[in-house]
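Shared between the two complexes below is chain A, which pairs with chain B and chain C, respectively.
And now, the complex of A and B:
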């Protein structure tokens, strides 16, 4: 694998894990525009534990996940008091506070950033991305995942069905924080350097777009969204600086053509292997006849 | 001693700002009975359903389910207390398939950590899915369980909502206008289906406008008008009742104020 290719694969894996961190809250109906804040906490936690506390990687990465997950847990309480666009703004503000703090803190190197001594390579990133992807696919197939999707559709009715809406929302923010923290820790150890400027608001916007353009209805969404956003700009490189214009137009078109995201449940059902051989699926009566 | 009622609504008041939507409403629903709750538009029927199911808290009075006061119980816990409901405007989850919507109704039955983390969507022959398919079939719903609910006919979606409400094995099933928008054949089917459910031991409390449906299904009727209870008795007596006629048709006397608007 060339350096160029491995660079793309690395960032794709990190973005994918990061996107799943945003996805688990979006699937339950909460939009998190503070992704960069969570990723920064994970990255700096791993960087500090590795470079200052001299801890090994097998400890820094889980610790970064736990710390970011805990921050997600804590932040969910004030954030869940807000709704809709106010929730988007509240999470956005959270990320700005994190970035502002990191830029000014002496412990974390301020604007200079931190060097991370222990390096991890692309295969580890791929392994982590695969594990997180499988975990989210599993989660969405469980009754818990079903409850999350029902909260996304109709919160009051979910509650009347016996779903503990608040507990599931808090759990989604905690898990989402842990995934974003993992993405941050992997970023820190792979690129061996963290600086606050990387974790800016544009990153938060991009990762939320991965999820929304990919689609929040199924776990395929972030996968397709991350591929789309990571690969299309690379493929458009031949077009020089026009690529941003083309990319922007592509995003707008996607929103017009597929407002619910590229991957919807209907699309997954249509492409499912059960439908490959001969059209219509049986209704209940037909299947049990005779 | 008479048997304890399954539901006892006592002196329930609900105000939204200055507007009193239910005013000192009291009635009992006997276990195993089929009771209708009727009244002109804006009488407070759906509000009363929302109060009983816990969508919003009551201002005064109390609501008891099987003898236990449930006023302080959050809505999500009332379903495991044995109370389940449907909605006036169909509230199926648009992004869940038919079977997933029905399986959501099982949530209160499956809240252990093992049940929550079992991959029910992948267990195509698992017990939860089989139970849900069984109930759909009993209801005579011949639909693709993995299909979307959005494209289905109105009557089918209404029935799926009833099936979803049944999945929690309720002892009291509250249906908010189950026959609204159904054609006569569908209405007759629904009535037969609900009689079967009641025969299985489920108490029914039904908000409905279609009086022939009410006559067919419910032996007892409670009538609300402007948030007040104006009739509580056998369904066959309801249309002869003076207060009820006045509420629906308006008073013969020329009156100022609220009563004249009821028609």
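And now, the complex of A and C:
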């Protein structure tokens, strides 16, 4: 694999894991526009454990996941007091505070950033991305995943049906935080360097776009969204700065033509192998997430 | 989770400006009393910055209040004004205007911002109408506006490069009051901001158009049933949005004599903070929030150093969202349901 290709694959894998972190909360109906904050916490936790505490990789990455998951758990309580546009803004503000703190802190290198001694290579990233993808697909097929989808579709009715809405939302924030933290830790170890400027609001916006453009109804969404977002700009690289313009136009058109995202439950059901030969549209009761 | 009931009786409108003015006078008096000239200068700069933030915050709050839509193109409209004005002068197309070329350029810039805002309306808000039972569907116009943010910002980058450019304004009349320097441009921009706010408040309160806007803000379907032509009124919101963001961009350009393709990013996020502090959908809230953010920014730079701003402003915002989600003057219902 050439250096250029492996760079793209590495970013794709990290973005994919990151997108699943945001997806897990979005699947339960919560929009998190503070993804960069969670990823930054994971990245800096891994960087600090690796470079200052001199811990090995097999410890730094799980520890970063646990720390970020715990932060997600803690922040979910105040954030879940808010809804709609307030939740978007609360998570956004959280990410800004994290980035502001990291830029200032002496412990974490401030604006200079931190060098991470242990390096991991692309195959590990691919392995992690595949594992996370499978884990989320499995999660969405469990009872917990079903409860998350029901909250996403209709919160009051889910509550009436006996779903513990608050507990599941907290769980989805915790899990989402852990995945974003994993993405951050992998970023730190792959690029061997972290700086607070990378984890800016644009990153939070992009990763939420991955998820929303891909579609929040099924676990396929983030996968398709990350591929779309990471590869399209690369394919359009010939056009120079124009590629972002084309990209913006693609986003606007997507929202007009297919606002629920590229992949929907109906599309998954239609493409499922069970319907290859019958060709009948699935009845409502049969539809389910991939 | 039960939302607090929206207060049925609105606070009388006269109360809010009085509260803001009183709070402001108290803060200034305290600051000058304890800190002397240096602090007074900081407060003056904070107020000038606050005037820019409040104008942009009003653009945000108007779109959220009437349409329940967080419009992320506002920072780019702000930037478009400055960059278009600079581009026109740089190309020498305004040589005929002589000494007032800067004014003509800025006016054209504001016009471009309004036109761009109407393009955004055509391709985002028209599709807000919910067609699918989906908890994240309210994000549709939000995502489209992020797409437009990319389009506008990169078109400017292609056309004019990424460097920040100098935009000279010929007047520099500094006024000194008790040793505190008041920039003439700053003073003019502050006055202009206050005039715009007053005009907007008047339009919303006393005109037929304003009544239609407030009806849509309450409930678009009911407004439509009562004979408000929603599809014709909605573009007005976007025209006002473009106008506010454009004027703020022009004021910023005059104050700092400097434009860049990224000038909207920081101001835009600070304006969002100002809007939330004041309360979503509240015009007086946007004003109070803008001043508060401006003061917080200059004072935390003075006392804690330049890199502390991000933490203090956003920390304040996070605290407000969690402790008092409706902000200082907002009503509890806005922004809770769909976006």
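Here is the rule we go by: the second predicted complex is superposed on the first by the 280 of 290 C-alpha atoms of A that agree within 3 Å, B and C clash if a C-alpha of one lies under 4 Å from a C-alpha of the other, contacts with A are read in each partner's own complex, and residues count from 1 in each chain.
Just so we're on the same page, contacts are C-beta pairs under 8 Å (C-beta built on N, C-alpha and C of every residue); 3 or more make two chains touch, one makes a residue touch a chain.
Because the structure is a prediction, the values reported are computed rather than measured.
Asker: Using the touch definition from the top, say if A:138 reaches chain B (first), chain C (second), both or neither.
Answerer: It touches chain B, and chain C stays clear.
Asker: Tell me the contact category for A:152 with respect to chain B and chain C: first, second, both or neither.
Answerer: Both partners.
Asker: More residues of chain A are touched by which partner: chain B or chain C?
Answerer: When the residues of chain A touched by each partner are counted, C comes out ahead.
Asker: Once the structures are superposed on A, label A:162 by its partner contacts, choosing first (chain B), second (chain C), both or neither.
Answerer: After superposing on A, A:162 lies in contact with chain B but is clear of chain C.
Asker: For A:248, is the partner it touches chain B (first), chain C (second), both, or none of the two (neither)?
Answerer: second
Asker: Report for A:269: first if it touches chain B alone, second if chain C alone, otherwise both or neither.
Answerer: first
Asker: Looking at A:104 after the superposition, I want to know if it touches chain B, chain C, both of them or none. Which is it: first, second, both, neither?
Answerer: In the superposed model, A:104 contacts chain C only, not chain B.
Asker: A:85 in the overlay: touching chain B, chain C, both, or neither? Say first, second, both or neither.
Answerer: In the superposition, A:85 touches chain C alone.
Asker: Considering each complex separately, which residues of chain A are in contact with chain B in the first and with chain C in the second?
Answerer: The answer is residues 152-154, 165, 217 of chain A.
Asker: Can you tell me which positions in chain A touch chain B when the two form their complex?
Answerer: 138, 140-147, 149-150, 152-154, 156-165, 217, 265-266, 269, 281-286, 288
Asker: Going by the contact rule at the top, pick out the chain C residues touching chain A in the complex.
Answerer: Residues of chain C touching chain A: 1, 64, 68, 70, 72, 123-124, 127, 131-144, 146-151, 153-155, 157-158, 269, 272-273, 276, 280, 307-311, 313-315, 317-318, 321-322, 325, 335-339.
Asker: Using the touch rule from the top, collect the residues of chain A that touch chain C in their complex.
Answerer: 26, 29, 31, 78-86, 88-90, 92-94, 96-97, 99-101, 103-104, 110-111, 151-155, 165-166, 201, 205, 209, 212-213, 216-217, 240-242, 244-245, 247-252, 255-256, 259-260
Asker: Which residues of chain B touch chain A in their complex?
Answerer: Spelled out, the residues of chain B in touch with chain A are 53-55, 74-80, 85, 87, 91, 93-97, 100, 103-105, 107-108, 110-111, 115-122, 128, 133, 136-137, 141-148, 164, 168.
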